[in-house]
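Here it is, the structure, as structure tokens.
Think of it as A, B, C and D in the order they're written, each chain with its own count starting at 1.
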Amino acid sequence: MFELKKVEKTFPNVRALKAIDFHIERGEIVGLVGENGAGKSTLMKVIYGAYQHDGGEVLINGKPVRFENPRQAMDKGVGMVFQEQSLIGNLTVMENIFLGFERQFVKFGIVDWKKMAAAARHQLAKVKLSIDPKMVTSKLSFAQRQLVELAKVLTLEERVHGDLVILLDEPTSVLAKEEVQLLFKLVRELRSRASFIFVSHRLDEVLELSDRVYVMKDGEVVDHVKTSVATAESIQHKMVGRDINKEYYREEKQLSYDPAKVLVELDAISLPGKYQDISLTLHAGEVLTLVGTEGSGREAIIRTIFGMQKPQSGSVTVKGRKITTYSADAAVANGIGYIPRERKIEGIVAGMSVYENLTLSQMGRYSRFGFLRIGDEKALAREWIKKLSVKASSEYADCGNLSGGNQQKVVLAKWRSGGSDIILLDHPTRGLDIGAKEDVYEMVRAMSADGVGVILIADTLEEAIGLSHTIAVIKDGEIQKRFDGKPGHKPSLFDLIHYMI
Amino acid sequence: MSFIKKFIEQEAINRRNFLFASAMGAGGLAAATMFKAGPARAAIEDPAIAWSYRDRTNPYWNAIVSGGESFVESIGKSKADLINLINEGSSEKSLSDVKALLSKTNGKLALAIDTNDSPNARPVVEAVVEKGAFVSTLWNKTADLHPWDFGDNYVSHMAWSDVGPAEQTATILFKAMGGKGAIVGLGGIASNNPAIERRNGLDNAMKKFPDIQLLDYQAADWDTQKAATIMASYLTRFGDEVKGVFCANDTMAYGVLEALRAEGLAGQIPIVAYDGNAQAVDLIMAGELLATVYTNPYWGGGITAALAYHAAVGTFKPSEEPHEHREFNGPTILITKDDAENFKKQYVDATPSYDWKDFWGPSTGAITY
Amino acid sequence: MTLEKLKKHFPWITLLTLVVFVGALDSNFLRPENLLQLAGDISTLFVMALGITFVIYLGGIDLSAQSVANMTTVLATLMLPIFGASTAVICVLIGALFGFVSGFVSTKLKVPSFIATLAVGGIALSVGQFASGQRALYMDAVLRDQSFSWLTGNIGGIPREMIIALVLLVGALILERRTTIGRAFKAIGAGELAAVASGLRVGRYKMAAFAISGAFAATAGLLFAVKLSGGSPEMANGFLLPAIVAVLVGGTPLTGGVGGVLNTLIGALIVAVIRTSMLYLEIPATAQQIFFGVVLIAAIAFTIDRGKVRTVK
Amino acid sequence: MSFPDRDVLHRWAPLLVLVALVCFFSLVNPNFMSLRNFARIGISATPPLMVAVGVTFIIIMGSIDLSMEGAVAVCAVVFAAIFIWLGGTLASWAWLALPACIVVGALYGLLNGLVHVKLRIPSFMASLSMGFVGIGLSLLMTGGDRIRVEDKIFRSLLTERYLGFPLMVHVALLVILIAWFIQSRTAIGRNFYAVGGGEELAHASGLDVKRVRVLGFMLAGVFYALGALFAVAQIGIAETATGYNFMFVSITSVVVGGTALWGGNGGVWNTLVGVLIVNVINNGMIVMGLPRYLQDGVLGLLVILAVVLSTDRKSLAFVK
């Protein structure tokens, strides 16, 4: 019923989509997977009208259509559920749900708020969310926001005659396990009303939810299989175009750390509303992983160590010295490096070259009397581009134009080249494809071997288990349980989840 | 050739510097007469004529330009031949525009200018002299800058001595109040010459009326709305104490009047102003304004341009004129209820025709410092 | 050459187009001494714009520059008899101090720079008015020539103030391209959060940018005071908007991180050409403002590199 | 949880600042606290209030509008010209000048919005340039002259009083109510908040952001026209200079009232309080007899103080 035939999209210098064939039937759930840069997001944008295709045809029930903007796509029943933060925080839930389509509640230019609230409640009921539609959206939890997003798209049901196609873009990335299950249940129920295109990095989830999976690579659909016959390995193989070591955490490579050398010591730090009574110790060469759900307080702990938040009580000791001033620059001076989750916002500076990004945290070392030694900076950049095999045309390349994995490498190189021996990793593999993830794991192991202490907030539990020496499970800002994660003695997924929820 | 020209000009500048240096000492006067005549140049044939002034949003400057246009027409050109340079209150733009015009006309220029701020007069005059063009200034110049130090090219400077007329309006105000009571004052942009002189006029009058008290005097920057706001606040602060208002110009008086009108006090508290705009004259006839002073900007605008032009074409040689023809005060006419109607007939409803070659007839004598 | 690559060059292409256009209508305009003079006359304004560039480059705005320059003309005139040539240093330091206060209010008290600088400008204006006794002041000619002859006149036909402006430009360019401060400015302008997360003391750098802007504004005021041989609390009026326009039209948008001091050079020249072109095109007095506005819209429409500005607010 | 408390405090901070200022000035000079003085403040606050309300909508969208001086000048001059041309009194066809003025304001705003949106020029620059155009346009129309509007009926906006306040203050309050209605009850009003809260998201949700922007500038133009009408009613003169000083005063007022320059929050009531704060300061400084040369500086300090008190600084990552 919704179909793409030989769809093309070309940007200056890049052929982003090459003759894409794609179809989805009524009530079907179709998965869409591919590495970063494979063309998934371009394809989605063509489908929901943010981009216009420049070759081939988009067909609905056999009739060619063309969407000039997202609104036209919506009018034809194509809607998009964006990743987490796509609701406007300062508006109420109901305003977000009906944003751009308020006309139905408007009489003589006046909005009938009661009618809108009632309609909003109706939509929220579809996703089984019982919140006040007059609530300001910024006060909702991540999971609630995701459901409001879905409810918003489901308003198409009333507005559009004919079938609905709903795109789900990484809907699970910020959800805890049980919330994911709730979402999946909901989607399965809703297939009586709509078809879904499910985009995710998490292959297991794609296989669990979808009927069929399209695999993309280099702007092409390289395979399309029924999930009943597919395996994660075969799909990964298609995505990457090479075999992946099944056990890619390579536990056997994990070395033990030096318990005699303490790098960071948290002594009963508390910050009301964020975390309470956290005591942790990080040793040289240790990978310490904080496990917990979204909003459990993990980020706040990391940001405290980096000096961006100040605990109300308790103390932080770095390399034997108690921290008195909480500021990022003091943390950097103490040899702490921070690799934030929002890579594009906090990690790299888009618009600056690789070498400029690399020395940002250590300009003092590459300058004399305030004047930069740009030659040395470039040499450093060339060295690390080679060391980490960063795919960049040269040290002059704009970091904003690098792929996610290569950006992450630049951020890592920034800290490592500056000699940081305490590295804080917040979701370092978020949004990376498998190949890039492997590179990150390799770097974590390399750092550990060099005696660097690493505190990690992992993207998945498997990652956490595979990489860490020590695991602290955090729930509602408190440490619930500590696990020793030495090879051979690793806790199971179930052990962790038990304490998380 | 240009080398020689440069040398001569350089000499002229050196002479000026020497002049300054010696003016500090006792020999200043002697030196000044010694080097009185600057480098005379041949007359310019058909120079461009320009007026450089503050803005077009003000009736005062409009009258200046009208006078300039009238002069331009009197020599058989069209109004459009008068080049307008508007500085919008920016000395920087004033100077840049003049330089650009000098460059465009290659020095074939007769310039009439108010330089916006007095310090700006020197660089303007120097630029004009360097290019061999002719300039007459109006209002703003520093006291140490004199036309006769620049030979023929700095033709003249005209200003109005506002102290006397302002003293007269203040006196009229005080008499209307019966010689006693309290007044408030509104001044122009504090550092402007006219603002300072008019304030001095008020102070002089106050000395003769010991029973008059000045409650407060604040700058309203020649602005109608600001004046209205300040007047309203005066009413709050002083209430019924205010028996009279002294305004440094007409446009502020309108604001004062509207602030009073809002309270139903228009016409009940005497106000005096300055400039003699048409609206002010009407207000005097309506009894809402007590007096204003007409400075005849129309004549000022015309004659300043005429002086520059005629010096440029060689009708007269400025350096042969006495000092009182190089720096002189313009005419002022005091307007009160008695003569308002007559004045309106003569100056507002009709435009008097002037002989633009009678350069110094209406003037009121040399500027004294 | 693709359009993308060409975009970088739009500002100076716009400038060249304007010059050629006016030159085609009146070839006098293209005389070298005329162009030289045009560039020379914009010098003072350019110096102020140069300072403002740093603040806009960080995504802020400095509306106090004109008031600081006004104040400086007064202070310079008052201090000349006492301090002689070191007046210049004192003025620049005072300007930097006012800029620093703006920066402090903006970064530490989190008042938007639009308001913070406007307010600090008010304070500068008050200082200027108070110090001047609300009068125009004149410099003693001998003292001026003793202390500041290096600021006036010509060297080999080139106005000295233009040379000063160029020296300052080179200084600013080195600051922007070759120093840690410049690099930090770039990082903060393009990605403030990343700069914070890299351990940069963002607050300090921002205050430094405002202080630099204040110092340049004071320099502009000083140059102007010496040029006009006097000072008044109104003398630098009319500088602010053209200076900001020069920065923007040169291609340093208010969003920060893009553009730079070289762009401001081009922007200042564009402003000078538009202004002067009115004389050559003989635009009537009452139509000059419209002309300026319309040409400005056209020039900005050409010069901004929209590719680098994500949302157009 | 101390969150709601801080929220509430910051929401009411501008009003508290206003009350504190009124108390302070009243202590210095008891005359300040009088109906007559409040009426005076009301008169001087009315024209800038209209302009500030107009620009509030723009600022809520996260844009800025610097064209108000040109817009007010054009509207005032067009109004006065038509008014005089059609008879010069409201008791004739000259009343048509009132709607004509509003239409001109809307058209001016429309043009401003189109330049901004269609040419994709940031609003700061687009509106700054359009401001020059507006000033120039009014200059072209008047040739620099002033147009006097002396009709007694029109001027009754200033001269007639009810409950101690002139008519124009009452009309202005009515306009504020309408503005509040637009802000909270109409789709377009809420869309301003959506654009200010997240432009790209709003676009992706199917909102025609460009249309909202252009409409916003148009609406602002209407309020500028109202500001022009009140300014003419207050002074009785329409001229190019009618628009002077509105730009910085109105934007300062909006920010002092607690509407953030980065958009998405604040509103009409904030602006009312902000305009009152600025006008109370201006009035109070003269009432307490502060010398003029100190007034700019004191206003600056008080504005900083007011903004500092009314912004929720802890929630801000950084400020531009």
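Everything below uses one rule, namely that a contact is a pair of C-beta atoms (placed from the backbone, for glycine too) under 8 Å apart; a residue touches a chain by one contact, two chains touch by 3 or more.
Everything quoted here is computed from the prediction, not taken from an experiment.
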Any chain that touches chain D and chain C: A, B
Most extensive contact between chains (C-beta pair count): C-D
Distance from the mean Cα position of chain C to that of chain B, given in whole angstrom: 32
Length of the line joining the C-alpha centres of chain A and chain B, rounded to whole Å: 71
Whole-Å gap between the CA centroids of chain B and chain D: 36
Interchain centroid distance [CA atoms averaged], chain A/chain C, Å: 43
Two or more partner chains touched - positions in chain C: 129, 134, 193, 196, 286, 288
Touching two or more other chains - residue numbers and ranges from chain A: none
In chain D, residues with contacts to at least two other chains: 139, 143-144, 292-293
Every chain pair meeting the contact rule: A-C, A-D, B-C, B-D, C-D
Complex contact set, residues of chain D against chain A: 1, 181, 185-188, 190-191, 193-194, 196-198, 201-208, 264-265
Chain C-facing residues of chain D, complex: 61-64, 70, 115-117, 119-126, 128-137, 139-140, 143-144, 199-200, 248, 251-252, 255-256, 260-263, 292-301, 303-304, 307-308, 311, 313, 316-320
Residue ranges of chain C touching chain A (in the complex, touch as defined): 2-4, 174, 178-181, 183-184, 186-187, 190-191, 193-201, 257-258, 308
Chain C to chain B touching residues, read off their complex: 26, 28-29, 31, 33-34, 37-38, 41-42, 44-45, 129, 132, 134-136, 138, 141-142, 145, 224-225, 227-239, 242, 272, 275-276, 279-280, 282, 284-286, 288
Complex contacts: residues of chain B adjacent to chain C: 17, 20-21, 24, 56, 65, 80, 83-93, 95-97, 99-101, 103-104, 106, 117-120, 122-123, 142-144, 189-193, 196, 219
